Every structure is written in C-alpha cells, then in structure tokens.
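Each structure below appears as structure tokens.
Look at the two complexes coming up: chain A is in both, with chain B in one and chain C in the other.
Now for the complex of A and B:
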C-alpha cells in the first residue's frame, strides 16, 4: 500500500464517518459540527487531486462561512435540540432501500472506469492557471456569477426583513 | 502513474451523495435538510475535480466548474436560510412536516 493510497483511505474514512455521524447524532448543533470534519477532509481530497486553490476555497467557504451561517440559522430559530427523523420506521427503511439501490446502480457503472492517463501539469501554478482560464475563456460566466451573488444578497435581505406594518402591529 | 484510481474518487463521491440524499429525505429539521443538500453538492464537486485530473482530456476546466458550483451553492444556502427565517416567523416551527401551506 503506497503512501498516497493510505492518505486517501484515511481522508475518505473521516469524510464518510462525518456523514454517518451527521445521520445518527440527535442534537442539531452536533450534526453541523460533524459535517465540518467531512468538509475539511474533502479539502484534503482536493489537494490529492492537485487542486490546491479549490481546497483553500473549500475550507474558507464550507467549513468557515456556510457552517457558521447554518449555526446562526439554528440559533435564531427555536432549537429544541432534538431532531428526530420524520415518518415511521417503514418510511425510513423504504427510503434507505431506494438509496441503496441508487448507489449500487451507479457503483456498477463506475467501479472499473478508467479514462486515459492523469494530467501531470495541473499542480504547477494551479492558481495562475485558474486565473488565466477565468479571465479569458470563462469571463462571461465569471461576471454572471457576480450578478447571482448580488441577487442572492438582496434577495436574502428582502426575504428575512420583517414586514414593516406587520412588525409594528405585533410589537 | 498514480496509485489511486479514478474509480476510488467516484466511489467516495457517490457514498457521500447517498448520505446527503438520505439526510435530506429523512431529517425533520429544515437546517439539517439544507446542509445535507450542501453535502450532496460537495460530492458533485469531488466528481468535477476528479475528472479534471483523470478525465478523457485532463484540463483546468473541471476545477473552474467546481468553483462556479461552490459560488452558486453559497448563494443558494443564503437564500434558503433567509426563506427559513421568514417561514419560521410565521409558522413558529422549523419542522419540515409543518410547512404544508401549499397543500390543498
């Protein structure tokens, strides 16, 4: 077993373990913290795939921003701390079987997939390559992303703002 | 030649996707449903980055797609959380089963 494979196994186990803990824990805050392990080990997987910039972005956005935002969402709403799953045992079991079948079908499709030789130049000046591609080939989607972020910012503020008349009546 | 094959990364991605799908379908708390969706998007990003290295024509494009996917996912999480806060103000509940205004 080579070192690279060993690191891959360790990172995968942490990622899947975080996901399983998210499913099984009872307190909502613990679930979100369990997913942080998953997000950080996915960043490690990105480093193995010679995508250093994406790994840093993953740590910043997911284990930083989105986790904190979800924790705020939990704190701002009533968290009676116990998140029991919905439906009876039968419904959960049927969903589990359906997802198991889904996963098996896709696993049969990919478990022997090999497509050519891996690239050897992606890790050289990774950020520079991404920047050049973003500002030449993908300039229009890049600018459209800024529009999406602006719309999401304004939309989130408008949605979460208390309606004026309604708020005055209540207070 | 790398020692970790492409199929290993794809298998990890599909396991994470299935965990996220199960969480999104069975959990009651809306915040947990939202974050399970984020987990599914992460699994897709692993696929994109894996194909950018091991694909038929390896190039940087897969990583760019992953970056765009992360940006859209962040926007989606923000809007989803704002909707959650707005609904919570009216219904006083974060339980997905209570959000049935569109029924009947």
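Now for the complex of A and C:
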C-alpha cells in the first residue's frame, strides 16, 4: 500500500464521515462543524491531484468564509431548532430504494468513465497556469460570473433594505 | 536536508526523522511562547514605568511563565453544565491545530523549511482562517452571552480584515511573480519589499495586528466589555490552548512579515558573514517588539470604527497599492 493510497483513504473517510455526521446530527451548529471537516478533507484530495491553488482556495472560501457565514446566520436567527426525525416505515423504505438507485447510477456512470491521459505538468506553476487559462481562454465566462456575483450582491442589499424601511414604519 | 527528505521515499525511518524535526519545532515554538509572554509583560512594564514580573526565577522573572503554565495545567478542568459538551471540547483543538500547521511553510533559513509549496502565502492566510471556526465554536458552545458576543466580533473582524491582508500582499506577488515564500525572499536580494512596497507593508501590518486579535483590535476578548470574550467559560489547559494558539500565531505572523517584507534570512549588504538564521531571528524580534509596542501604545477602538476602518480605509488603500504596483511594473518593463 503506497503512502498516497493511504492518505487518499484517510481523507475520503473523513470527507464521507463528515457528510454522514452532517445529515445525522440534530443540532444545526454541530452540522456546520461536521461540514468543515468534509470541506477540509476535500481540499486535501485536491492537493493529491496537484491542484494546490484550488485546494487553498477551497479552504479559504468554504472552510473559512462560507462556514463562518452559516454559523453567523444560524446564531442570529432561531438557533435552538433541532431537526426532527420523521416518516414511517414505507417512507424510509422508499428513501432507501432511492439511495440505492442513486448509488447504482453513479457506480455505472463512474465505472465506465474514461478520462484519457492524465496531464503531467499540472503541478508546475499551478497558479500561473490557472491565471493564463482564466484570462485568455475563459475570459467571457469569468467576466459573466463576476456580473452574476454583482447581481447577487445588489439583490441582497435590496432585500435587506426593504426590511429596514418596514421596521421604521412600524416605529 | 529537508529538501532531500521531501523527495525521498516514504519509509518508517523518514517518518521518524520528520516526527523528530517537527517535535523540535514544537519545542522551539513553546520556548518562544514562554519567553514572548514574559517579554511582553516586561516591555509593557517598562513602558508603563513599572518593573513587571521580577520574583520567580531571579531578577528578570525568567521562570514566571513556567510557573503560570504549571498552575494552568494542574487547575481543575471545569465544563459548564449548560455548555454544548462535544463542541466545548473540540473548539480549542480546532483553534490551535491551524496555528501550528501554518508554521510548516515558513522558510526560516534557506535550508530549514518543512514544506516548500507553490502557494505558500495563500496557504498561510487560508489555514489561519480555520481558527476563526474554532473561536466561533468556542463562543457558541460556552452558552454564555459574553462568549457568544466575543465570538461574533472575532468572526466579523477576521472576515473583514482578511481581505485587506490578501489585497496588500498582491503588490508583493506582482513584483515577485510567485506566491512561493522562497521565491519571495530571493526576489528581495535587490532590496527588501518594505522599501519597494511601503504602503503594502503598513496595510499588511495593521491587518495582521487585527488578525492576531491584539490591542488595538482585541474586540473579541475586550476585557472591559466582555469579561474575556469567547473563552470566558474555559479554564485550565483548555484555556491554555487558546492562549497558546494566540501566541503561536504571533510567532507565525511575525515570521511571515519577516519573510515577505524584511527579506527573511537575507543579510544586510557587507554583513553576509553573519549566518542567515541570526538575521532571521533579529528581524523576527524587531517585528515582535513592534507588536508589543503597538499593544502598549494604542487604546482599543470601537466595534463600528473597526469595521469602518477595515472596509473604508484599509481596503481602498490596498487596492490603490495594487494599481500603483501594476503601473510601476509596466513602467519598469518599458525600459
């Protein structure tokens, strides 16, 4: 067993374990913490694929910023909510069937997947390669994404502002 | 030596060599933390015309911190009944682990570095962000309103000051053409970046003080408003872990500032006969002293001033610096 395989197994176990914990835990804050473990181990898998820039950005954005945002949101709203276990036997059986089908489809899909020759020069100047690709080949999608982000930002401001005015009227 | 180890095959022998080296670094860091706390108290004492610790361990109080840590370790480990127990136990671990992880990428000399990765600078900023999760978790798990407020402030502050921190080093990255810390040090042979990027240095230093949660930006643990902030409910060794994380970050951040702006292990001209490690240590100590000086000199700022300063002053200045640097680089390329 090579060290690479061992690390892959450990990382994927943490990732899957975090995901399962996230679904099964009852308190919302616990779920977010479980999610952090999943995010970090996925970043570890990115490192193994010699995508160091993506890995670091994954930690920076997902484990750092987005998790904090979620915790913030949870703490500022009704945070004592606990998810309730629901459903009877039939429902559970149907869910089990659905999961089985999902797993089967993905197994068939991924098993036959042929990715072609893996690229060998990705780890050299990883960031530079991403930058060159982003600003020469994919410049239009990149700019469009920024427009979408801007729209989302303005939307958030508009939503928050309307709330504020209503509050003033009530006073 | 470490270079050779990194490319060698993975065997148990190498594992143990690595383990021993890491343990050595941990001991160095712990030694640093012990004496950084003492130095901080002493310097603060002198600046406030007091003596500082002078009883335990001779005239300079050399064993004061050791005694304090011993006291912390034998204290009763109390967990509040209303606390969220698993998170309460997990939080110090989440807060401390990244503090030690960031040390892996810092090149102390041209030989002594644990991981030479291409995105070193970004790695530091990304991994140090995980500590915020630990802090928020601690504040939440304590089930105490002061702790929660401290955690909220820490989160808000760290998110808003991370942005000027990243933006200010973009100038350095532009001039170097790499995010690798070794490349950044080697690019400073013609002049330290504190000379080429003075604006970036000032913005980075202020944002770094805020990231370290130190006075004047210590709103997360403002003792006059929040008792102790996010770790009110912690005692004994769990509390010690938070303090340790804080001082290890001080170590890491000072080392990073030394590497990025003060030329790392590079000597001053004509003084190349002094080894690189000594140069690194000297510059490092200057940064540490500057941090302590800041703490004694400035009053704590208000929460709204903090946010306004971060978003309305530091961020525009950092972006203007990127623009200036890009112009400068193009201008240099013209000739």
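In the analysis below, the second predicted complex is superposed on the first by the 150 of 171 C-alpha atoms of A that agree within 3 Å, B and C clash if a C-alpha of one lies under 4 Å from a C-alpha of the other, contacts with A are read in each partner's own complex, and residues count from 1 in each chain.
We adopt the following convention: a residue touches a chain if its C-beta (ideal position, glycine included) is under 8 Å from a C-beta of that chain, and two chains touch if they have at least 3 such contacts.
Nothing here was measured: the structure is a model prediction, and the numbers come from that model.
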Clash-or-fit label for the pair chain B, chain C on chain A: fit
Which of chain B and chain C A:53 touches, first, second, both or neither: both
Partner chain in contact with A:40 - chain B first, chain C second, else both or neither: second
Touched partner set for A:5, first chain B, second chain C, both or neither: first
Chain B versus chain C as contact partner of A:21, first or second or both or neither: neither
Which of chain B and chain C A:65 touches, first, second, both or neither: both
Chain B versus chain C as contact partner of A:113, first or second or both or neither: first
Chain A residues touched by each partner, larger count belonging to chain B or chain C: B
Superposed arrangement (fit on chain A Cα atoms) - minimum chain B/chain C Cα distance in Å: 15
Chain A positions touched by chain B in one structure and by chain C in the second: 2, 53, 57, 65, 72, 126
Touching residues on chain A, where the partner in the complex is chain C: 2-3, 27, 29-30, 33, 36, 40, 52-53, 56-57, 59-60, 63-65, 67-68, 71-72, 75, 123, 125-127
Chain A-touching residues of chain B, taken from the complex the two chains share: 1-12, 14-23, 25-29, 31-32, 34-36, 38-39, 42, 45-46, 49-61, 63-64, 66-68, 70-79, 81-86, 88-89, 92-97
Chain A-touching residues of chain C, taken from the complex the two chains share: 10, 84, 86-87, 90, 94, 117-119, 122-123, 125-127, 129-130, 132-133, 136-137, 140, 148, 152, 155-156, 158-159, 162, 179
Residue ranges of chain A in contact with chain B within the complex: 2, 4-5, 8, 12, 15-16, 19-20, 22-23, 28, 31-32, 35, 38-39, 42, 45-46, 48-51, 53-54, 57-58, 61-62, 65-66, 69-70, 72-74, 76-79, 83-87, 91-92, 95-96, 99-100, 102-103, 106-107, 110-119, 122, 126, 129-130, 133-134, 137-138, 141, 145, 148-149, 151-153, 155-157, 159-160, 162
